[in-house]
Amino acid sequence: MSDGGRRGSREASFSVAMHNRTRSARAAIRGRLDTAYEGQRPDPPEESYLRPTDQPVPLSDLERFLERLREHQVGYHLVAGAEELAELMANQIYAKRGRKALLDNRGVMLQCRLLGGLRQRLLDVIVEAVGAGLAADQADFGITPCEGLIAETGTIVLAADDRPTLQVSLLPGRHFVVAREAQLVVDLATWMATHPGNGRHHILLSGPSRTADIEKQVVIGVHGPWKVSLFILRDGWEQR
Amino acid sequence: MQASIFIPCLIDRFLPEIGRSTVRLLEALGVTVSYDPRQTCCGQPAFNAGHPEEAVHLARRMLQIFDGEHPVVSPSGSCVAMVRTMYGLLDLPEEDLRRWNKLRANLFELSEFLVRDDLIGGLVARRQGRAVIHHSCHHLRHTGGRIPLLSVLEKVAGIEIIESPEAQACCGFGGIFSAKLPELSKAIGTARLDAMLAHDPDYIVLADAGCILHLRGLLSGRPGNAKPPVIHYAQLLADPDLGAGGTP
Amino acid sequence: MSGLRDTVQTKLADAGLQEALGRALASSNAKLETALSELDDVPALKDAAAEIRRHAVGRMWQLLETFEARLRDAGTTVLWARDATDVRRYIAEICSVHKVSKTVLSKTMVGEELGLEQSIKDAGSSVIQSDVGERIIQLAQQSPSHIILPCIHLRAADVGKILHERGRMPYSEDPAELSRGLGKSLRQHFLGAHMGVSGANFLVAETGNIVCVENEGNIRMGYSVPPVHVVVTGVEKILPTLADARLLLALLPRLATGQRATCYTSILGPAPLPGQSRYVILVDNGRSDLFGAGPCRDLLHCIRCGACLNVCPVYQRVGGHAYGWTYPGPIGTAMASMLAPDEAVESLSLCTLCGACSEVCPVRIPLDRLILLGRATARARRKASEVRQERRALRWFRRAMSGRVRYRMSDWGHRLGLAWWGGRVAAMQEKLGWRGERAAPEPAPQLFRTWWSGRRKRGDLK
């Protein structure tokens, strides 16, 4: 990783031969597809094909979402305000003997001054924001905000624009997510409708890393975090 | 009502009791049955083995024989599916395509025909004991035969119908598959048979001739005497040789 | 044919394989049921999914052009590959430009198809398969036997032995210990890798997104850590919009693993991450042939969920290796006549035509019908003597069935044969497996047609 910058930032100087190769491959593939159309261009796109609406939600969105989280083995806490959030999170980090916590310090995290709140309560734990020098693979806790919560599938939407930020929710063994109750929507369609593609990287997170590759037996915690906890700030948290 | 019956070659030769039960059942329901003795095979064996040009010949023959106006009824979902669906993949001349389009709309698998317009209505048959169902694949998936079959079996009083979730799993017959890879075919069939025998049935009820021959063969190859008959559902309703009961 | 028949017998006799397959598939299919029961209207959802794929594949080229432009404008290099050779060259070039000597590879079927692992090695880089199942397969020097569960043919004890012998791990039979142990040992490889290579589930034309579905986190590792990220994917993965992907995402994980959503669904933006180079290699490798092959175009609709394998009565018994090439199970068999190497064309016989695959398919590919068509197409590539023999028998059968008299004669012939040449008939029955433990059917004493005409004569008929 140390020499990653050099490798990655170096301008890709592809040889002329490769440029020619991809150009001729492109033309060949296009030609074969065109031939298959037998001279006829395909139908213009019909936009009217069936898109079933998602089923109605029997429970309230929040109840349903929490039920899903339990099924997906995601821990959750409903918290009333910033103080309670910092207190609860600090207690958990302390209880699990955390040594180093890395924060993706954006949005709601700044609003509730979580970095300061944790540092104040955890004097012998290193608590850093991304970019301050703590590498994600050294941290045992990664703490991130999120972009949305989806009730139907019990999904947390994460977003990131660079590798260091992506790594906060991936490399540490425990991942804490901070969300606002208002971020909860019924389904992915609703979320997508309110969050038009803005070229960012999104991750739909529905549980801790797992595998069932051996005898189909589910094993939690492989490459990604083996513990995910969600802290939901209840509506009206700004006043508390 | 009049209906023409299509009795596929396997039934004609090896399982005529299915044909006889079909006739008895239809007649008991007031249907006037006709049978064209020119009929033989729909061409499925050749088509399934990957030789469509051999199948075309028999398909054209079928289409010419069954070019009448009456509905055509057959106790084999597999052969009905061949005609209805697979003929569409054959290279048929124009006049036969026209016949195919007519026959396709006019050809019914027996259970499908019976529940259509509630023909079976007030029929009551009587048997005793327990019947385990095995859904024959083509009957189940190509002619949508599950509900029709269950509705028909509902008419049999005094019998307990057992339909376990694996009733929809293939028995491993597969036509030419049974001879090309016999060990595999038998392994699949043996497992199905074991699962069905675990219910200690008095009858094993199927909907297609191929699976019946396969499972009967496997069952008779087993040691022991007390073996339930492997039968077509039409027999459960109308085969007098199956012991007391059947359609009054 | 005997080749395939022998292979099948070996698989049936392999108690370990039978145990492993039995256990894993029972669990898969039970989960599938539960996952689908949660949906309101599965048939309608499948109809919509099929329609989306039909539209996307139907105007594949236009969508690919849009997708390419989105990525290019955002700074991602898009490369086109006709076949494995093109891919090899690109990989070699990328490795040389970026001085790559350590690569982590996430499980990809397209990669399996192209021999991607070897291409990366040949480009001078070490390569570590990062998916737990694929890593086991790599250490065992085998090939995957399922399109989403690569080591489904192995029991935990087998895996324990492989990891102990080849992976320097303490022996264990506990899937949790084994999986976590592998995860731990793979961690250093991720952190030290120069290049991450992965596949893709969907490519979104309108927004230039690349969607990757996974549970373990190895794909996320592959694009979040190394400075170079390469996506190798088939051209057919294209979709018009993110909304289309969303709809398919309701079905894919449910059908694949029985989950309502996988743990991680990455929706990558069109631009590479800062400080990272990204290459997207769009691979044809026979797909345009399928595109031009009439009804076979439907095969391009496949979203690789693997459900058709899980429900297939043949796959359940013989596992993926019996098929002899990259794609096992119904989807593989349906593609075999066009895409499999000659020696794997026989795998077209590995199908009972039960149609369970077509029934489960989320995008409604008529797999059983395409397998049937494939059997006809494949004749040209099979051993000529076997095809001739088959054809002779079927021609004889066709003639016997071509008229009333001939039909009668064939019936008499059958009966006479049984009476006079009992020994020969028995030998034939033995060979075809209709003897002994599966008794051959006897011709009935009276044909149906005989009964019918007798009945008419007697005047039974009303």
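For clarity, chains are labelled A, B and C in written order, and residue numbers in each chain start from 1.
Note that contacts are C-beta pairs under 8 Å (C-beta built on N, C-alpha and C of every residue); 3 or more make two chains touch, one makes a residue touch a chain.
This is a predicted model, so every value here is computed, not measured.
The leading chain pair by number of C-beta pairs in contact is A-C. Comparing mean CA positions across the assembly, the chain most remote from chain B is A.
One simple way to say how far apart two chains are is to compare their mean CA positions; for chain A and chain C this gives 30 Å. Chain B and chain C have Cα centroids lying 31 Å from one another. Rounded to a whole number, the gap between the C-alpha centres of chain A and chain B is 54 angstrom. Interface residues of chain C facing chain A in the complex, by the touch rule stated above, are 20, 23-24, 27-28, 39-41, 44-45, 47-48, 51-52, 55, 58-62, 74, 77-82, 86, 89-90, 93-94, 97-100, 130-133, 136, 149-152, 154-156, 159, 175-176, 178-180, 182-183, 186-187, 190-192, 194, 206-209, 215-218, 220-221, 223-228, 235, 240, 242-243, 246-247, 249, 257, 259-271, 273-277, 279, 282, 284, 288-289, 291-292, 297.
Looking at the complex, you find that chain B touches chain C at residues 7, 9, 11-17, 19-20, 23, 27, 32, 35, 37-38, 40-41, 43, 45-52, 54, 57-58, 61, 85-86, 89, 137-138, 141-142, 168-170, 172-175, 177-189, 213-214, 216-218, 220-222. Within the complex formed with chain C, the residues of chain A that make contact are 1, 4-5, 7-10, 12-15, 18, 21-22, 25-26, 28-30, 32-36, 42-43, 45-46, 49-52, 54-55, 68, 72, 137, 152-155, 161-163, 166-167, 170, 188-189, 192, 197, 199-217, 219, 221-224.
Those residues of chain C that touch chain B in the complex are listed here as 1, 4-5, 8-9, 12, 295, 313-314, 317-318, 348-356, 358-359, 369, 372-376, 378-379, 390-391, 394-395, 397-398, 401-404, 407, 411, 414, 432-434, 436-444, 446-449, 451-453, 462.
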